[in-house]
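Across the two complexes that follow, chain A remains constant while its partner is chain B and subsequently chain C.
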Partner chain A sequence: MKRQILYWRAASLVVAAGFIVLWQMIANLRLVSPVFLPGPDRAWAALVRGFASGELWTKLLGTLEHMAYGWFAASIAGIALGAMIGSSRTMRSYVAPSLEFLRPLPVSAIVPVAIAMFGLTQGMALFVIAFGAIWPMLLATVHGFAAVEPRLYEVARSLQMSRLAVIFKIALPSASPDILSGMRLSLTVALILAVVCEILAGLDGLGHWVLLSARAFRSADLFAGVILLGGIGYGTALAMSTVEKQLLKWRPSGH
Partner chain B sequence: MPLRDRTNCRSPEPAQIEFSQVTLELGGKRIIESLNLAVKPGEFLCIIGASGCGKTTALRLAAGLYRPTTGDVTFEGQPMRMPRRDIAIVFQDYGKALLPWRTAAGNVSLALEANGVSSAQRGEQIDELLNKVGLPGHAGKYPAEMSGGMQQRLQIARCLAQKPKALLMDEPFGALDAMTRQGLQDEVLSLAQASHATVIFVTHDLEEAIYLGDRVIGLLPHPGRVGIELMIDLPRPRDQLTTREHPEFLRLRRELFDFIKASEA
Partner chain C sequence: MMPERAKALALPIALLLVAEIWTRALHVQSDSLAPPSAVAAALIEALSDGSMLVATRDTLASAFAGLLASSAIGLALGITLGMFQIIDRLMEVTIETIRPIPSIALLPIALIALGFGYRMEIAIVTFACVWPILILSRAAVRGIEPRLLEVSRALRLSLGDQVRKIIIPASLPRIFVAFRLSAGIALIVAVSVEIAINPIGLGAAIMTAQQALRPDLMLAYLLWIGVIGYALNRGLVIAQQRLFGRAALVGEAS
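Take a look at the complex of A and B:
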């Protein structure tokens, strides 16, 4: 079993290395003009240079900050609202149609509204990211709270547990697998929207960096930015799934 | 009390749990009709009956999880309006009644927390309760890592943590294999004796009812009402072999068997 996991991991590394080699070959053969496509060597050099000058650090932290604020705001609002809606059948039937209308609304349609309301500010970015990232969490939390085993509520009743105790000791932990998977999905949405907002509003971050590099035909810097964005996506997802595994270790394996 | 219970006339001791003319309708359907029942403190009462006779419903009424449509359920003379902590209920589906995200110790702790036991005292009580139900050394296990029998023991431990005056058990061993079942029957008998708690035990297993009970009540279905009442005067402590071979045991078994057959006809 363990050997198999190692084998797969090695295979995936080989594939990744293969892609990088292919990329280098395409760049060396000048199949695409070096103005548009730098090789991995030049992209790497741009990365190192950017970090050495400190500029990429600022951009990286800027994007992480936008992402984190929006995601936290969405998490808190999404879980609180989801808990309220999910734990009451009446609430669900009242609110569900409005949610169904708002949910498929493309977030890009919200951006002009947010700009009109907040201007090209950090507040705008926070609003847009939070608005986009709230849906996976809200819907997952509603589902998680609605799916609590009714028998557990009876156990709570016969123990005469308080409302607050029922929420924190029964409903929230029971919904936690759903909530956590909603949070994981929201993470990706938050990253996408952080970049979009930076591009649109010129906020300090990797989105802005990528945009300026492209306009100045600095393709190596552009690719350095894209690689970093990929790294953020990968890193945050990995961190989240580690947290998830730790919090959900009570679940029988195979889920 | 205007409504003296017929079944309890021979005892001057006041009933702990009493049903007086209890009728329950759920969704327009009459599940229980004019049920009269008095359970004395410390008594071990078993309720049997064909499926759909309302035995689980009767137990839920005693637990305060249902309220009667008409009539009264009282506990120590007080009308039952809602569940109370000194009445514990053991559900049949232990897999659903335990918190899967809490360890064995955590599940027992839930009841202690509800009872307001300080966190300093909880650890010791948890160990004691897990010992009592035969689960020493399993404190750190999650329910998913335990067998069915162990999970049901754990649920019983959590119920004992409530320090109940009455323990209501709803076909607790229905989903367990025969060997595990017999072991648990003996443990429940000794736990009941040690804690002096009243037990109402619902089962569809006639032999189990006779083996455990001081008294067995058989319900008739549609709507549920008392159809037979048998006093079990078999000697205690009961023994899986000798008690089950006792002529009185066999006579009672025959009588209950005929009752069930007639009620299903």
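Take a look at the complex of A and C:
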């Protein structure tokens, strides 16, 4: 069985390689103007050149830094607030409806407000990313806390556990799958908002890089940046799902 | 005990009152804050002179055009991949490589290829919304009761008939869930593109209000965008319940 999966993986890699060859052919035949579409060879060369000069490294690290700070801040605040709101029925009935109203708000609409408050600074980017990334985690935590098996709370009561103990020993572990999937969703949001902020505020990062490359019609550099952004998206999602699997090992699967 | 509805309204009303009293009492002169009453006045003004409605139309037109395009592409791909496992497995690496590219990263490419305006925004919205529709419709097609497919084989339906008469009707409730999720994404992406670069629609309008140092108008737009997002989501949830009833809940769990 395992070998078969490997074969399929290999075959689908070949198909992907075929698409890259097709892309190269389209670029070589100039079906699309090279101003818009560089071949994979030129994009790769731009990638190598950017890393060799160290310029792409700083941009890559800049974007990762924006993402990470905002996302960490949002994770801590989101889980703490979610635990506070979720663990009390009264809080839930007062706050949850407001949260439900805010949830479908396109978070990037907060960007102008953040610019008005903080100017075009790192602080603005941090605020926007944290604000955008907090929602999935906050709502997942509230939901996870609300969905804890009631009998576990009864056990806690008969053991006379304190509220903190209930949160840390029962509610958080039981809500962890919800919270982790919220955190994974937030990663995507954080990446998108990091790029938007970099484009708007000219902060050092890949968003700024791709915009400058586009303005100068350096399409190879542009594609190198987009490929790297895709790489960040892929890498962070992969890391998150690995962590998720490790952390949820103790749960019986299929739950 | 207060009724649930009153409890739901208590927090927003309290916050609005605090904001009103605080900004009025301290005479806050700020580029980012305005008393709620001034925001309400700006909202009414922008709605009555039509500028907000034009911006709303531009944003929603781009969002829906992108949503329709991505629904067509996503459904075609999703149904194909759902029906033919072989193609699905062969395309796996390709799809998983392209999918994680954040939609907004394509903005500069769309900008140089298509220029400012609707087309570039529609292209980005389409890219962003194709994936959820593709993934969910593929799952929906795979989740079809196998006996239905046996029936279609026994009846010797052609491939087109099979898709039209069995597969699409059977997976429609879950496809609609995908459509609803994508509608939210479409709105978010459209507004983001407008805020970042494209000079049309609500996103551009809110940026202009900020740059004109009109916090009241800026917050009015923020509120309006929130209302649009909420209304879109509510409308689609209600449509889903009306159209499919409990059948749609199947897709909700996954």
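In this section, the second predicted complex is superposed on the first by the 247 of 255 C-alpha atoms of A that agree within 3 Å, B and C clash if a C-alpha of one lies under 4 Å from a C-alpha of the other, contacts with A are read in each partner's own complex, and residues count from 1 in each chain.
Please note the rule applied: contacts are C-beta pairs under 8 Å (C-beta built on N, C-alpha and C of every residue); 3 or more make two chains touch, one makes a residue touch a chain.
Fair warning: this is a prediction, and the values are worked out from it, not measured in the lab.
With chain A as the common reference for superposition, the partners chain B and chain C occupy compatible, non-clashing space. Of the two partner chains, chain C is the only one that A:Tyr234 touches; chain B does not reach it. Contacts of A:Glu149 after superposition: chain B is touched, whereas chain C is not reached.
Contact comparison for chain A: of chain B and chain C, C touches the greater number of residues.
When the two structures are aligned on the shared chain, A:Lys169 is found in touch with chain B, with no touch to chain C. By the touch criterion stated above, A:Met117 is placed in contact with chain C alone, chain B being left untouched. Residue contacts after overlaying the shared chain place A:Val210 against chain C, while chain B stays out of touching range. Of the two partner chains, chain B is the only one touched by A:Leu159; chain C is not.
In the superposed pair of complexes, A:Arg251 makes contact with chain B only, with no contact to chain C. In the superposition on chain A, A:Tyr94 contacts chain C only, with no contact to chain B.
Contacts of A:Ser219 after superposition: chain C is touched, whereas chain B is not reached.
Superposition on the common chain A brings chain B within a closest Cα-Cα distance of 16 Å of chain C. No residue of chain A lies in contact with both chain B in one complex and chain C in the other. Of all residues in chain A, those touching chain B in their complex are 149, 151-152, 154-155, 157-161, 165, 169-170, 173-174, 176, 248, 250-252.
Every residue of chain A that touches chain C in the complex is listed here, in rising order: 8-9, 11-13, 15-16, 19, 35-36, 93-98, 101-113, 115-117, 188, 191-192, 195-196, 199-200, 206-207, 210-211, 213-214, 217, 219, 222-223, 225-226, 229-230, 233-234, 237. Those residues of chain C whose C-beta lies close enough to touch chain A in the complex are 4, 7-12, 31-32, 89-94, 96-98, 100-109, 111-113, 184, 187-188, 190-192, 195-197, 202-203, 206-207, 209-210, 215, 218-219, 221-222, 225-226, 229-230, 232-233.
On chain B, the positions that touch chain A within their shared complex are 63-65, 82-85, 87-89, 91, 93, 96-97, 99-103, 110-111, 113-114, 142, 144-145, 162.
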